[in-house]
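Below, each structure is written out as structure tokens.
Two complexes follow with subunit A in common, the first pairing it with subunit B and the second with subunit C.
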Partner chain A sequence: MSSKPNLDTGGSFTHPLYQTLERLPGVSLGLASLDDLLAWGLTNSLWVFPMATSCCGIELMAAAASRIDLDRMGTIVRATPRQADVMVVAGTITVKMAPRVLKLWEQMPEPKWCIAMGSCAISGDFYRNLYSVIPGIDTVIPVDVYVPGCPPNPEALMHGLLRLQEKVQAIRRGEKVVRDPNPELIAITKPSVPRVCERDRDGDLSREQADQALRVTADQMCSPIDVPYAATTPQKPVFAPDFAGLLTELGIADAPAEGPPCVPVARHYELTRRLKDLGYRQLVSIVASHWPAGLGRKGKDEAEPEHFEVTYLLRTVGKGSRVATWTVRLVVDETIPTIVPLFAGADWQEREQYDLVGVRFEGHPDLRRLMMAENWVGHPLRRDYPIDTPCAPWR
Partner chain B sequence: MLQTLQVERRVDPHLSIDRYDPEAELLLLHMGPQHPATHGVFRMDLYLDGEIVVKAVPYVGYLHRSVEKLCEKLTYSQVTPIVDKNDYVSPMTNEQAINMAFEKLLGIEVPRRARWMRLVFAELQRIASHLLWLGTFAMDLGGALGGGSTVFIHSFREREMIMDLFEEISGARFHYNTHTIGGNRHDIPAGWAGRVKHALDVIGARIGEYEAMSLHNRIFVQRTRGVGVIDSSLALELGLTGPMLRACGVDHDLRRDAPFHAYDEVPVNVAVAHGGDCLARAEVRFAELRESVRLVRATIDSIPEGSINGGKPIKLPNSIKIPAGQTYVGIETPRGELGTYVIADGSANPYRLKIRPPSLHALSALPYMLPGGTVSDALAILGSVDPIMGEADR
Partner chain C sequence: MNVVLTALVTSLAILVGVLTVTAWGIWFERKFSARLQSRLGPTMVGPVGLAQPLADLMKLLQKEDLVPEAADRAVFNLAPQIAALCALGAAAVVPFSAHIVGAKIDLGVLYLLAIGAVTVLPVFMAGWASNNKFALLGGMRALAQSLSYEVPLVLSAMVPVILAGSMDVSKIVEYQAAGSWIAIGPVWLGLPAFVLFLLAMLAESNRIPFDIPEAESELVAGITTEYSGMKFALFYLGEYVHTLVASAVAAALFLGGWDGPFAPGLHWMVLKTLALFTFVYWVRWSLLRFRSDQLMKMCWYWLVPISVALLLGAGAWVVL
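After this line comes the complex of A and B, so read on.
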């Protein structure tokens, strides 16, 4: 896809009908009133294509529903780009979604307009600097009206549509409508949150220095002067008798206070199977975490090599439902046997953990990425993965 | 013919498409990621033999907003407004799930008043969420129900009443940010209980109306009965929860089975249906609507007096540090079990935070449910799953 914004020529357009009529003899006299007619028609039948991805989409639905009722402005929601005049981008646009939005925009017939609804579509909001989100839809397609809010109320969207109607009429009258990006606006919408260092963006600092700066800002924000909650000593987890009995039977040591019991890789599959027979029939979740060298459950620990921890959660069904939790510790490049033959739901869970953390599950029937695109490099939830990893053309 | 469709053998979602009848001319239909019936940005590849789906391959991740990575960089009190955006149809329960996990690690006792308020919020949110499901599901079933948007217009009318109630509490229509570690941020305003009861009088009376429009509508029943059948053992393996699981005849509801908030003081009737199909899921959600109305009516007047936050007065909420430890908390949201697994390392930021989304598990059941049905059945099934991509992709 092209990375350059497809800004068209100052918002002016010529309708094919208009061009045909202009060539006919004598018609030019009536064109002034035809202009008004066209403007009136265009203004009062702005059909909306909902590019609704997330929360703002629900408010867009609410705006189209009973209370606000956009229909009375001639604004009907059309689900196909080919019948629409206005694309309302409502919600966060991710790197994976942006090319699709551009494709849909290109499928819309001219004349067409775009409303960016909500802070995510305008600037990316607090997802702005994250690896998978683009900083505003105006980096992909030209935007006519920005409706701020998180999410904007349906009334705000209605106001945005009214402003768009004014704009359409102004264009029709031949008035200059500014569509160029405002540099001052861009300056103040630069990241204000402390999680990504400004200077890093300008290339003055190395990645390590930037991370250091990030840490300092976060620490300053979280001043250690006032600790409202006294640090409690971690309680030893209490297991249901059947789970504790099974652990003893398999010769697995009791749980440390800082987390669930550690199960050797070799005994992991057997434990899962036995638990399923015991009545833990519902798969709750699989959580993988990455621990760089020198970090362990108790905090800094020089003896700890780089490793992964994969935590499994199973649940019993019915009254007095209880959860069994255990952890398998893996060194780098070690694989863990899949539990897909026992729990079909582990399929997507293992794919997700492979995608985001990079743990390999041996014997998985289809170990592909789940969240990120197939050609994505790296595993985002590793601790050493920068939160604002460069991703052309956005960062 | 479809009414007698039985799932006899489990579908193998990993069977290569070459292994299906190589003589048949299968058609590949891409559905999504932008499609009005996919409830957000969800894509699936349907392999069709005529109009019958023989294989379905879902793709998620089009709304992967890297919430888990973002949370690692934020302090514990900054996480709440972020997770609001996950399940954007029921933000209240998101906030509750995440703060309950932090409270468990810190060992904070939440005051009784705050727990009762959370119960009322959760149940009102369930009504709003199920009303939105009903509207969109009826739209998915298309022209069958009075042009499609009749039920939608009706159910959104009542949903706005609950939005107004929540707006009174927190000032926002959604993304409330009203729960904190140790309790709630905003107290109930004067006269709120009366307005809640008034809203329930309207909504409670109209549930029967919705039922007449959907469950008692012959076309609705024909479009949903026997469609998208899933059996209970597969549902449990897949980690399905909430109405999806209870529609398979599994009597499991965390509100009753592992009580949180004040559910140990208020008995909950669990709705179970046995068909395992789209109709059963709709029946369960209708029963839950009625049950939620009953629960709010029963609790709204007896919310105890007292403090709404169990923490000490906080000057700098960002300085909350949680001692090293790991915990899991799961609560019952309108879509099922929303869990939070937190790994704390003693600092002011979570070391790893995993959100267990019910929608992702529900979507992973699609490759098992879709084959055998038609393309129009696929839309009915997707609507009955009620996925929210914000929490599935996070």
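After this line comes the complex of A and C, so read on.
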């Protein structure tokens, strides 16, 4: 099942019986017309598997709907990869999604083709330097036709399918199909990782050539942008009376000039419980941030050790809603008690903060990664996370 | 010898006819559904897209024949063949005119109902052998649905049998030709039976609004999830042939079959069959699908009691 016909040499057509048959008078004529018929069938019935992850998927749907109507050329959308011929990758593919896309691609029966639709699928576009996004689907599976655009309009997708028909016809005739070289475009969109190349699809490129031509050098890599700390006028926050009263009662007077009050880790759980009793029954968010040594709220500060700040936001439900927000400051190895027993909704929020920032919640029932792949190394939203060496599985 | 030859020629003609009509029935459905959605449907492949089924067939012939590693290979491979076979087998006893019948057997209706019931088997075989949760769920749903709807289907098909006093489909058509069509025979009896038969037929052939075994939004592609290439094509073909033959049966049992003025019988039979075939697609592309429990409730709370009442009514009508 895994062996696929080699289109260059004719594959299984080298069998001696076949060769003898072919030499009989008249047979080659019949075979040629039969081959034409088969190629005609192959090009005029391209069934699409929609690998749609984001906004390009909407355009893909529009292409199948009225006004554009891909069914005019016999293209229909199949829900299962087993019955599809063309995988249209429409949208940003994340590191976690990429293995799934590859799996679906491998489940499609040969002969099969791939169309990368939209700039995210082609190169990652402006997400390409993000830790969680792969720089183009052609780093994972071979792509036959690129349909540029953000997103491309449905007509462009149809044009892509028509170009794919030409390509399929040309391959069946035994012609080599070469990409149109556009040096300016290559300079702009020079990818930082080698693309998947198959001899069937890009006959003139060897793997080494593709590697050399398309790899970005260190001096071409852009450095992280240094954004200066923007000074703002301090504003004394005004708290709801019951929240302010509770803070005084618990002896938490450590309110900075701006931003939410700082609550010691030891009083955090008690404060949350008391607030819930006061009617703050909705947990809006838990947001953690990471501060490397020498960086504090006021900008560069040599006295600051490496620490986390976890900010909580609760609100009352109903008319005249009041909010309560506070920050818990943790040194790097410190843990913070979970509030899952009070708010069931804190479960995934705490997992998310653990996953992305690395804050450990003590007593959490199921502290696993939530967003990143299970085997991910490091916590990508920490400020010391290396932006230029993402730990993507295929690199 | 002569008899054998006649039977052979007739059956071959029916087989080729049914397959051809089915292939272009698929084309017709694509055009028809496109018009309902203000699209055009196939236009580029051949004149008005008429060569589209041929292109699809040529493409499917060339696709890799995948069998999942964990699948039950023998059952997996057998299921699509049985599906196509059962659907085509039902065409044998349908009288396309007074003379064009594949097999004139006395228990024609019984044979039709039996072979209709067997079509559940390949569906469940495919669901089980694929070793795929979506396929299995689809197979289970199809089984439950078909077994339930078998009851009103059989009971409503018994109404023409009782009225005509025969299980031979040709005899039933002759009875209608002599008197009136059963759908309007005694209209209080025939019309509800016809509607019930149509509903149960839609459910039997897993068409919308009863297509929960292959609901795309829940089950990927239902039982055909793991099927590629020609095996999928056989399933696809079986489904359409089943719809076509079921339409023909409904036309023969309730709408007078080949009976009609001015034109030879075959014309009328084909016209009635295609009208019902179109009706099935019309329903398919206009309605939403039921939920599984609604489907069962409708069958056992409404269709079965009504069909029993109709059966008793038919008995009373004949006796009195």
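Basically, the second predicted complex is superposed on the first by the 303 of 395 C-alpha atoms of A that agree within 3 Å, B and C clash if a C-alpha of one lies under 4 Å from a C-alpha of the other, contacts with A are read in each partner's own complex, and residues count from 1 in each chain.
Heads up, the rule we're going with is that a contact is a pair of C-beta atoms (placed from the backbone, for glycine too) under 8 Å apart; a residue touches a chain by one contact, two chains touch by 3 or more.
Given the structure is predicted, the values throughout are model-derived calculations rather than measurements.
Judged by the touch definition given at the top, the superposed model places A:L37 against subunit C, while subunit B stays out of reach. Residue contacts after overlaying the shared chain place A:E110 against subunit C, while subunit B stays out of touching range. Legend: residue contacts after superposition of the two complexes on their common chain; A:A79 is shown touching both subunit B and subunit C. Once the two complexes are overlaid on the shared chain, A:V377 sits clear of subunit B and of subunit C alike.
Within the superposed three-chain model, A:V284 lies in touch with subunit B and out of touch with subunit C [touch as defined at top].
In the superposition on chain A, A:V323 makes contact with subunit B only, while subunit C stays out of contact range. In the superposed model, A:A266 makes contact with neither subunit B nor subunit C.
Between subunit B and subunit C, B touches the greater number of residues of subunit A. Of the two partner chains placed by superposition, subunit B and subunit C are both touched by A:A65.
Comparing the two complexes, residues 65-66, 79 of subunit A contact subunit B in one case and subunit C in the other.
Interface of subunit A with subunit C (complex): residues 1, 4, 37-38, 40-42, 44-45, 47, 65-66, 69, 71-74, 78-80, 82-83, 85, 107, 109-111. For subunit B in complex with subunit A, the touching residues are 13-14, 33-36, 40-41, 60-66, 68-70, 73-75, 82, 85, 88-89, 106-108, 132, 135-136, 152-154, 156-157, 159-160, 163, 173-175, 233-234, 236-241, 250-252, 254, 256-258, 311-321, 323-326, 328, 330, 337, 339, 341, 343, 345-346, 348-349, 351-352, 354, 356, 360-361, 364, 368, 389-390, 393. If you check the complex, the residues on subunit C that touch subunit A are 30, 34, 37-45, 49, 51-52, 54-67, 216, 220-221, 224-229, 232. Interface residues of subunit A, counted against subunit B in their complex, comprise 50-55, 57-59, 61-62, 65-67, 79, 91-92, 94, 96-97, 100-101, 104, 126-127, 130-133, 150-151, 153, 195, 214, 218, 221-229, 231-235, 257-260, 281-285, 287, 289, 295, 297-299, 311, 313, 315, 317-323, 325, 342-345, 347-349, 352, 356, 365-366, 369-373, 380-381, 385, 387.
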